[in-house]
Amino acid sequence: MIEFQFDSLFNFLRMAPHGIYVWPVYGLGLLVIGGLAIWIRYQHRQAIRKIRRIMNRESIHEPKA
Amino acid sequence: MSVEHRFLVRELKLVLARPGDFFKPMWFLILVISMVPLALSPDSKLLGEIGSAMIWVATLLALLLNADQLFRDDFVDGVLEQWLFFNRPLFWLVILKLFCHWLFYVVPLILVTPLAGMMLSVPNDVMIALLVTLLLATPALTCFSALGAALTLGTARSGILGVLVMLPLFAPVIILAAGVLTRASDGSDILPLLALLGAFSIAAATLLPLAVGVALRLNIGGSS
Amino acid sequence: MSVEHRFLVRELKLVLARPGDFFKPMWFLILVISMVPLALSPDSKLLGEIGSAMIWVATLLALLLNADQLFRDDFVDGVLEQWLFFNRPLFWLVILKLFCHWLFYVVPLILVTPLAGMMLSVPNDVMIALLVTLLLATPALTCFSALGAALTLGTARSGILGVLVMLPLFAPVIILAAGVLTRASDGSDILPLLALLGAFSIAAATLLPLAVGVALRLNIGGSS
Amino acid sequence: MLIKPKTLQFQNLTCVRDDRCLFADLSMTLPPGSLLRVAGPNGAGKTTLLRILSALHEPDSGTVQIGEVEDHLESRQEILYLGHKPQVCQDLSIMDNLMFLTDASQAICFQALQFVGLKGCEDSLVRELSQGQGRRCGLARLWCHEVPIWILDEPYTALDPGMVAILEDRINIHVGEGGVCVFTTHQNPTNLRFETLELARVS
Amino acid sequence: MLIKPKTLQFQNLTCVRDDRCLFADLSMTLPPGSLLRVAGPNGAGKTTLLRILSALHEPDSGTVQIGEVEDHLESRQEILYLGHKPQVCQDLSIMDNLMFLTDASQAICFQALQFVGLKGCEDSLVRELSQGQGRRCGLARLWCHEVPIWILDEPYTALDPGMVAILEDRINIHVGEGGVCVFTTHQNPTNLRFETLELARVS
Amino acid sequence: MGWRWFHEWGSPKWFYDRAGRWQRVCGFLALALLLVGTLWGLGFAPADYQQGNSYRIIYLHVPVAFLAQALYVAMAVCAIVLFVWKMKLADVGMQALAVVGFGFTVLALFSGSIWGKPTWGTYWVWDARLTSMLILGFLYLGLIGLRSAIKNPDLAGKACAILVLVGVVNLPIIKYSVEWWSALHQPASFKLTEKPAMPASMWVPLLINLLGYYLVAAYLVLASMRTVILDRERGSAWVREVIERD
């Protein structure tokens, strides 16, 4: 019942007449979702870095604490 | 003097003190409408076809751009804080304010739309339908844009941010009005749609002042 | 650091500090453009016909609404007064300011117009002509609206007053641009009109900063 | 002018701003006739405290109570708050501004403007006044109101010495009548007897 | 910091506002090292005079001259003017504001912020500061500039006593180096030796 | 007992730790499901007899469009929780959901309009569903804009909650009116195709992908919530512990 619908990888990539529509859509999907994921990771790192900076500054100001 | 009395007197004085604010929306409307034939084509058939829609959009923009200033000056000068010390619930003051705004700035604007209609050769019966839709729709539009203005009070310099935030919510009103206009030019029955529009306005005018009040209090609390 | 350097750095920092201002005009453009079919009709043939004109008018409004804020904040905070103590002629500072404004706020706006064109199914060749006219016309429009903003600085709450004062002066620009667009959809030669538009912009960009400088000094002198 | 004396009390007020604790666990009872100066360097949190007392800002914890009413918001019409902002509209005349802010009659407003030295320019727009005259317009309310709790944030700002003396007299009268007044200033009041609440700058 | 001392002089200054003559025929020469306080009640015209001296306002008659240059506008970069308005942008950080207003290097700006007690919050937005901290940011310029003529309109506004003392020291140093300073205030400076120009309120 | 559970949910520290674990689970599951579903849909599902291969866009378009709407509803729930129980976490959730929801809306719009080119011959028509999706996108954008414009996070949260609630009351009205509007003018030919009876080999991958995208959304929302929590609680002791720990 489930079989590969295309006779070659090339045809799979060409996808008859609609390859230029289908692949960009999935590319865009990857871009948007991947972009979101990466951006969130980046924000997370930034947040951590910011807190580290604050902590460093405080430890310089008051070495006792 | 009662709070309401002082409030209304002040609004009246403000209109008198800032005649510019009174005339600006009308001026804007007429100017934008006269830009349309320049940018498009002086062909009066095409203009008549799209005219009523253009007037609607231009009136909407004129309204919105004015509403942006609803609370800003009073907020910056600290007068808005004083509202909280009046012996009245905030939403009631908001209703007063919005009613004054509608009466002093919106109604006059609606009254000049026939002039704009003439400039774009909109047929008479469509023009009448246009006037009625505007009168019925503007209370809702005023309330929505007041909410936008109140939400963005505390932001750096909001400018049209409040407008942008609220504009998508106007879609039903615009669509209903457009429906009325098309039907009016067909000559079919517009009453049911007008009733819907009126119902929407009444709902907005009763519910939104509460939200506006909450938004105002939030922003007053956040400022130092 | 030289005055120019400090000036440009500050403008850049302001853009970064107020990202809202950067995105607002584009957002406004797209919103207004998507309101047009709601108010008019979703028929893509009609939309395509009037699309380019609508985009022109909407872009113009987006520009104007942004330009209104050009000097206001700095005036209110008293930063504008300090311009006078820089070792540079005022019109030179105005040129810097306007150039930054054009680059940071106007050019990005122009870059999103193709999206608006797609939404109204404007044909491709007309869209290209539209882009070129916008690029050529906006320097002049920016200068004019800066003059409007500068003239109305001292008034109560100018809002869009400056815009309105200047809008009639835009008529030649709009007419030229409309000419280009009609010719582009006919397929006839648009170069001569584009050259005229460019010449107009160059003239405006050299002469108007002087006038803006004078207007600014007047308003600074009038405030206490 | 007769006021109904009220007690102002606050308990365990704490406020954190920008990750900095401005004050913690402040408690105080101000019976009728108290005059309290909130002192402290710039950025100590004086304005923040005064806004909390006026129900304009929410504390991170703690309560404020006026008279017997538990809910602070309910009794906020007993408060007169004067802040850093001028609280007058630039585009209206002095008289119009004053008439909006108080429920006093026109005659009383006239009198109040006379007290603050603005007689003769009742119809000038605030926009066309000097800094100090604008502040005076905001202060004129003190001569019209019959409100027991006054909260004044740097009322001396931009006032000349003559006006400062008049203002101090007015405060003394109010406190003498059983009113409560909480104020801040960086100048030294010469003619007032007050308690001081010192806020330190914790940085 | 070294400044080139300049003389500030004005002749026959007259100013009429709202049909009221604020001052008439004022003349004065301020050689290097002068410290002048312009005094007078609210609305006397102090701000107006200071703005005329800074070439921000045009007098109805009379001239102002700095050093040898006849044209006042030509020599306005010799002036540092601090007015009622904060002169800082609310949406930028303290450091960014300062770096725009002066041509000093970043190191000097840091130092200046240290002098006015804003060290540690260089990157805070002005919007998030208290009233006094905002004023301090505007004042920090006094520690970066090498400008001979200072014109300060109520520089003490909203400053706590500690900062007032620091400011007075700075003014004394500037005058000692041969600078000229014209200022107004309604508080009494404790640590300054100045001449006074009294403007009366003509109403 | 029940209340303690509720309280724990409101505690940022507890949530931060848990969310880290859930997030990882969601991420891996999502990756697996999407890989299976998408490959199946792209390569193994039979071509549509009408649309040919272009219909394979459905495996991204439909789940994403569905989620764009679902995330708005989730946001409205957060807004109500914020107002009724003053739970800070709800505000954090709202912030994360707005961004992710906007991303999905953009994706739905673009995938749909690319699909429109081969099927309708144009990228955009003013069809009811498209228009209401566009308006949804503007609503998301408004929320993001409002939040970024207000510096104080507490204030921003409450302001956004008001906007979300007004929006959620209005959404059905918008949807209804837009449908009615486009029925008024629109020639029927451009309506989105009614769901055809699909063979199982076509809809099973769709279902897998729907689940996959749900998990992706969960992953993104959780990750972004953790970031926001970290930023907002930067003054508290537990955040410093967490940071010193790793």
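Residue numbering begins at 1 within each chain, and the chains themselves are lettered A, B, C, D, E and F in the order written.
The rule is short, and it goes like this: a residue touches a chain if its C-beta (ideal position, glycine included) is under 8 Å from a C-beta of that chain, and two chains touch if they have at least 3 such contacts.
Note that the structure is a prediction, hence the values are computed from the model and not measured.
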Chain pair with more C-beta contacts, B-F versus A-F: A-F
Same vs different contact residues, chain B with chain C, by half of numbers used: same
Length of the line joining the C-alpha centres of chain B and chain C, rounded to whole Å: 25
Mean-CA-position distance for chain E and chain A (Å): 54
Chain C-chain E separation of Cα centroids, rounded to whole Å: 37
Multi-chain contact sites of chain F, meaning residues that touch two or more partners: 131, 135, 138, 145, 149, 151, 181, 185, 234
Junction residues of chain B, two or more chains touched: 17-18, 73, 155-158, 161, 164, 167-168, 171, 175, 178, 182, 221, 224
Residues within chain A bordering two or more other chains: none
Chain B contact footprint on chain D (complex, rising order): 47-48, 51, 54-58, 76-77, 79-81, 83-92, 96, 99-101, 103, 105, 125
In the complex, chain F residues that touch chain A: 38, 40, 42-47, 52-54, 56-57, 60-61, 64, 99-100, 103, 106-107, 110-111, 114-115, 117-118, 201, 216, 219-220, 223-224, 226-227, 230-231, 234, 239-240, 243
Residue numbers on chain F that touch chain B, as the complex places them: 131, 135, 138-139, 142, 145-146, 149-152, 154-155, 158-159, 162-163, 165-167, 170, 173-174, 176-178, 180-181, 184-185
In the complex, chain C residues that touch chain F: 19-20, 23, 27, 31, 34, 37-38, 41-44, 47, 118-119, 121
Touch list for chain B against partner chain D, complex: 1-3, 6-7, 9-10, 13-14, 17-18, 73-74, 76-79, 81-82, 84-87, 220-221, 224
